[in-house]
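Both complexes shown next keep chain A, but they swap its partner, so chain B is in the first and chain C is in the second.
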Partner chain A sequence: MLRKQRDVLSVEWIKLELIRTAYATRGGMFSRRDPRAVLVWYLIMAFVPWFTHNVTVLAVLFVIAAIGVFLARVGPLVLGLFIIGIGFEIFYLILVSLMFGGNLGTLAALGVVNLKLGIISMASMAAFVSLDPEKLSDALLAFKMPELFAFGVSYGYRMLPIMVEEFNTVFDGFRLRMAPPEKRGFLGWRTVVHWAKMAILSFYPIFLNTAKNVRTTVEALETRGFTYATVDGRGRSIRLGQMRMGTVDWLLLVVTVALVVGAFAAGQAWPLYR
Partner chain B sequence: MSAIIEVSNLSFRYPGAEVDTLRNVNLTIERGDFVAIVGGNGSGKTTLCKTFNGLVPHYWSGDFAGSVHVDGVDTFTSSVAALSAKVGYVYQDFQNQLVRPTVRDEISFGPINFGHPDHVARTAEVITSLGLEDLAGRFTWQLSGGQAHTTALAAVLALRPEILVVDEPVAELDPARAHDIYQRLRWLNEELGLTIITIEHHAEFIAQYANSVVLMSYGAPVWHLPVDEAVNRTDELARHGIPAPQVIQVGRGAGLGQVPRDIPSAVSALQAAGVTARDLPRPPVSRPATDVVATARGVRHSYRSVGGNLHTALDGIDLDLHAGDRVALVGGNGSGKTTLLKLLSGILVAREGDVTVDGINTRTKSPGKLAGTTSYIYQHPQQMLLKDSVRSDVALFPSGRRMDGWQELVEQVIERVNLSEFAERDGRTLSGGQQRRATLAIGLAMRPRVLLLDEPTSSLDVASREGVTAMLADLSDAISCAVVATHDMHLVADWANRVIVLEQGRVAADVEPRELFAQPELLARVRLVPPQVAELGLALGLEQPPLNVVELLECLQVRERVSC
Partner chain C sequence: MTNDYQRAGSLRTSGSGAPELRTPQKLMVFVLSMALFGLANIILEIIPDVTIGPVDISVAYFVFVPLAMVALFSPFWAALGAPLGEIVFVDLLMGDFSGLSEVEGYLQMFLALYIAGSLIRNPRSRTQIWLGAILVVVIDKFLSAIVDLAKVWLALEDPEYVEGLPESILFLEGIGFGVDIVMSGILFGAIPAMWLIPALHGKIEPLLGMRPRVPGEPIPGQAPRTGWFVAVAVLLSIAAAFFAFIEAWDLNVGEWEPDFLDQFGMNFLWVSVGAIVVVLGLAYLAYRAGRKRDGESQARLQAEADEAVALAERERREESIHS
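Moving on to the complex of A and B:
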């Protein structure tokens, strides 16, 4: 088979998708909202499903979360992984319930839990795909998280593309220089083992290189007042002062609460339990 | 002028170290000066600069004796935070200095941390004065080297320091960018009155931009002199690993006493002294164009960006590489050099067109299978140091493929790059030059027909750079064709017999080094800075630019003998 440059389902594509997801480059409705509103929206959607077993309510919530995913312009990689995950979940539930002498009833009961998990997964996708590192760390500060934690989150995001790139390079190095297995083995298991081995070995150089690079980072943070800001509160209040809850932000929360209340009302009218 | 930094009787020893890094330093730096601090590796340049902003002794708390006063403040009783408002510091590995996701945020980070209510104005001011408007919204990991350096500089300037320390700006940047950075520093010095301190190995930059020079040796300044006097102390500088600028070397060789630092004044000084230049016959470098080792036919390649657009890297490349070719691949950043190397190594395959190496189309084999035919050496050595010792790194390829007599091969190769005594060390603990030689050994142990190197001399001091260049020249028997992507025109002049100039993904010229340096307008267009001797030679009226000091002196000496 001849090698070709691929734009989808390649390592390059995964790298780009990770960055697009982390940095909210696709835009979407939530990325224009105040980050506090987005986090509150997420918390509502993540908590409410646990207070009911009513399938009608859950179905409406599922639709709301799905609309959220649509409005947030979630990318194909994350969405694809979610759908594959749900698919496997259903497949193995059928398998397990049949193996242990269950019937469709058990399947439905387990299905309810999965519906809840699905709602929460979709809400997290919609919210976190839309928050770039700055917004997320500011929102965490606003919710009284420690400075160090908020900074850590945004620094983690900044390191992500660099680490992914570095992993890619080191992994390529192993691919070029480590001899591949001579026989592929049954279903290519030797190849799979070889790849897993290279992935694990790749961490050694990456850790050492990162440890070396971070020394400069720590000194630079010191000279730019990072420690100073954790003692002196003015920096924090400047950061928090930059956020504004606008009309649309409040509207988002009001509409969400109204929809959730509506969902429960619908549940009262047409209850469905499993 | 008044003193802004006063160091008296300063000694410092890092915790756990056996010797003092700084010994009894006495130094005064005037307000508004542009100081270059020079000296060999381990002479204490960086440590000295870290005493100015209090990192020594407040962050690195070792044995500290003596005193440092910055703008009247005793650093020992002050703090890093307070001193940072006076002293800005841009690191050698400035990429690691960037901690925030976007450029604007990176710049406002300092002012916000210190709680300055005018942080918006400060950020805006720095963005305008450094011309960063277009980059302000960019993510810091998207920046090129030069842009990242400017961002690091901007972030430091937002704290409005009076002193700016810049550690080896040239190391990680191509020469044209480095000149941009230096011009910017000169502007900050002349227009805004900042005191600039740079740590620098390259005499050409010192001669061109600095006002005074501090030579450090064994933890103490040897002297602090005005630049004219300093650069003319050629022997002393050379002893400390800083060869004089080529202009000075030529002037000295031609018998001038005090040599001017820049090319136009050197030309007039030489002419005033009655020296003229005459071309000597220079036969073309032999390039036996017989045995074709690698080809590229109609190669086009592009990358997808985060936004989803395609960015063209290579746009129609047709090339034949022959046995015996020593190719320098030159061109500005983003001209497609690295992409072409990666295509030739088979790590990537092109979107259009075909690349063959040793008769094999790279589409037909996996990169792992091609690695023994064509090997690629990355720009950053640490990305190639995968194992815990140099020997096992070199052995990784030949031992895995069970090559005949691989043990001897590994020893031979390590011997060849002079790393025998370091073979058991982790490559990461070696110096920059040793790391490059280790990666060279890794490449050689793969026994390739084509060896591809990406910027093998970047971020090396002059002495290690010459070591690597000499080693490359020495390898011609082991590999049939070597391709080096580089910005280093000294490497091009000393080593290459063929130069391929890339411009926006196309071959703009395929010439010999001497022909390249004879085309100033092409060089300027692709942002290359030729060696000083080539420029000086042309300015003296030579048709064929000389490639090194010796060649130029030959041209001058001929005339002198006639006149005598």
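Moving on to the complex of A and C:
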């Protein structure tokens, strides 16, 4: 899919990007896999980095996670936020530790910690960008998570774009009705206060609207037997019946485990601590 | 804004039975709280953070949104939903999911909101709303500050420690705590909540088919099986603290010598992991025990479900004969 709005950084673009992320319409390798395999892949990548301090191992894991991000076709918004976030984190920590008389040793140590966090963030980007709400909640159910949690995840993914849209409309309504402050004040603080006030005021109608939406949703769920389905195991098995672990899914997990073991072997061969 | 029109609320509520919530109502409160706090967090993501030097003058979260939920509805279910909204909407969607520390954050936020919501007995009392808003930020941020400070304290034991880092972390924690209380607790917590909660009280509850909370009456939908619930919560917080310590220890070990790591380091890690497993196991057992005590209502639900399934199956059989 071509993204023509890429050069325009606006709220509208962010919204579109969120919808694309939420519905996993980008394609990519992970979106065709069984959701359980993707979750297990994520868990491996999220837990393994905590069990080592060997920079060689971490570097190899970082490369594996980066390949995952590439295969999952993570979008520019999410990736950009990640890079900016990790960059600023390192920058400020350097600044602060230099201010209080630290040295290059501090930097190296912080670099290792950020490498770990980077691996985990990239793994989560790759995994969750590729799972649409339906698949994610099915996978969570398959792992015996509470029904309420699985439902919350899929509801959240679906409703988010609608709710952002609704908030935007209400906010624009307040902008039309309220006069902006006459003087901007020092550093435009009056404008900032005005915007904050409008954002807070917008929550009153949003609370009431969302309450109505939620009631409709829950009533629709109850009509279809949501509570009963949590009591009776058969509902769950019907819902999970369509999931299949294919050859490629198993292959993904085997290759990942092999790569992780390989990373630790490389760490044994060329250990590098800092 | 004053709001003295109370008739609609009080007429409907007087003497309408036990303050117990039914399952769909719990679901509604949970989902509403999740959706609203998630939306508030997304809006915060769009607003850029102001940073003056190393000090971050930003709003951590819109406290007034979950505070309104726990003040108006059952604190337990609202507090359970709100932090999940943050994880689902912001952390998962934005690829910011940080694994272990999310568990810690969830429990901190849940405890903070639950305590604040139980404290507010009268949703129209401004004093209680102020107390609640500041309490949420204090409990949430204080728990994470303790973890960070413990990390620094552990590190100070070691003379080889790189100079400058402990002081800077202490300094930043202190400043950050103060800024959070002012920005998140008061400017975007107490002041908006002081207006929003009384404005919504008595208006939003009927939309969900519930009676408003009235001072002096027991809060509807308290935590189920209080004793067991407290046990599970305490055990989970201990586990979360260990999660946090693994991370904290991680920052320190980067500073230590490799031979120290060989002698002592990995053992410490495995002890922590073992502790987490044991504590989680205990929490699970306590949860199961709590569920068993709840067996009666479970059996009733099961019977109703069986009946409904039998009905549906009979209808389907009859349909196939007709067609």
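Heads up, the rule we're going with is that the second predicted complex is superposed on the first by the 257 of 274 C-alpha atoms of A that agree within 3 Å, B and C clash if a C-alpha of one lies under 4 Å from a C-alpha of the other, contacts with A are read in each partner's own complex, and residues count from 1 in each chain.
Criterion: contacts are C-beta pairs under 8 Å (C-beta built on N, C-alpha and C of every residue); 3 or more make two chains touch, one makes a residue touch a chain.
Treat the numbers as computed from the prediction; the structure is a model and nothing was measured.
In the superposition on chain A, contact of A:58 is made with neither chain B nor chain C.
Of the two partner chains, neither chain B nor chain C is touched by A:141. Touch criterion met: A:219 reaches chain B and chain C at once. By the touch criterion defined above, A:238 lies against chain B but remains apart from chain C after alignment on the C-alpha atoms of chain A. Legend: residue contacts after superposition of the two complexes on their common chain; A:180 is shown touching chain B, with no touch to chain C. In the superposed three-chain model, the partner touching more residues of chain A is C, compared with the other of chain B and chain C. In the overlay built on the shared chain, the residue A:208 is in contact with chain B and with chain C. Of the two partner chains placed by superposition, chain B and chain C are both touched by A:157.
Judged by the touch definition given at the top, the superposed model places A:50 against chain C, while chain B stays out of reach. When both complexes are overlaid on chain A, the residue A:227 reaches chain B and chain C alike. The contact surfaces that chain B and chain C form on chain A in the two complexes overlap at residues 155, 157, 204, 208, 212, 214, 217, 219, 221-222, 225-228, 232, 234.
For chain B in complex with chain A, the residues that touch the partner chain are 53, 55, 59, 80-81, 84, 89, 91, 93, 96-102, 105, 109-110, 112-115, 117, 119, 139-141, 155-156, 159, 301, 303-307, 347-351, 362-364, 366-368, 371, 375-376, 378, 382-386, 388, 396-397, 400-402, 426, 428, 442, 446.
Residues 23-24, 27-28, 30-32, 34-36, 38-40, 42-43, 46, 51, 53-54, 62, 64-65, 68, 81, 84-85, 88-89, 92-100, 162-165, 167-168, 171-172, 187-188, 192, 196, 199-200, 203-204, 207-209, 246-247, 250-251, 253-255, 258, 261, 265, 269, 298, 301-302, 304-306, 308-309 of chain C touch chain A in their complex.
Contact residues on chain A toward chain B in their complex (touch as defined above): 2-5, 7, 12-13, 16, 19-20, 23, 25, 132-134, 154-155, 157-158, 161-162, 166, 169-170, 172-180, 201-202, 204-205, 208-209, 212-214, 216-217, 219-229, 232-235, 237-239.
Within the complex formed with chain C, the residues of chain A that make contact are 11, 14, 18, 21-22, 46-47, 50-51, 53, 74, 78-79, 81-82, 85, 92, 95-103, 105-106, 108-110, 112-113, 116-117, 120-121, 124-125, 128-129, 148-149, 151-153, 155-157, 159-160, 163-164, 167, 196, 199-200, 203-204, 206-208, 210-212, 214-215, 217-219, 221-222, 225-228, 231-232, 234, 273-274.
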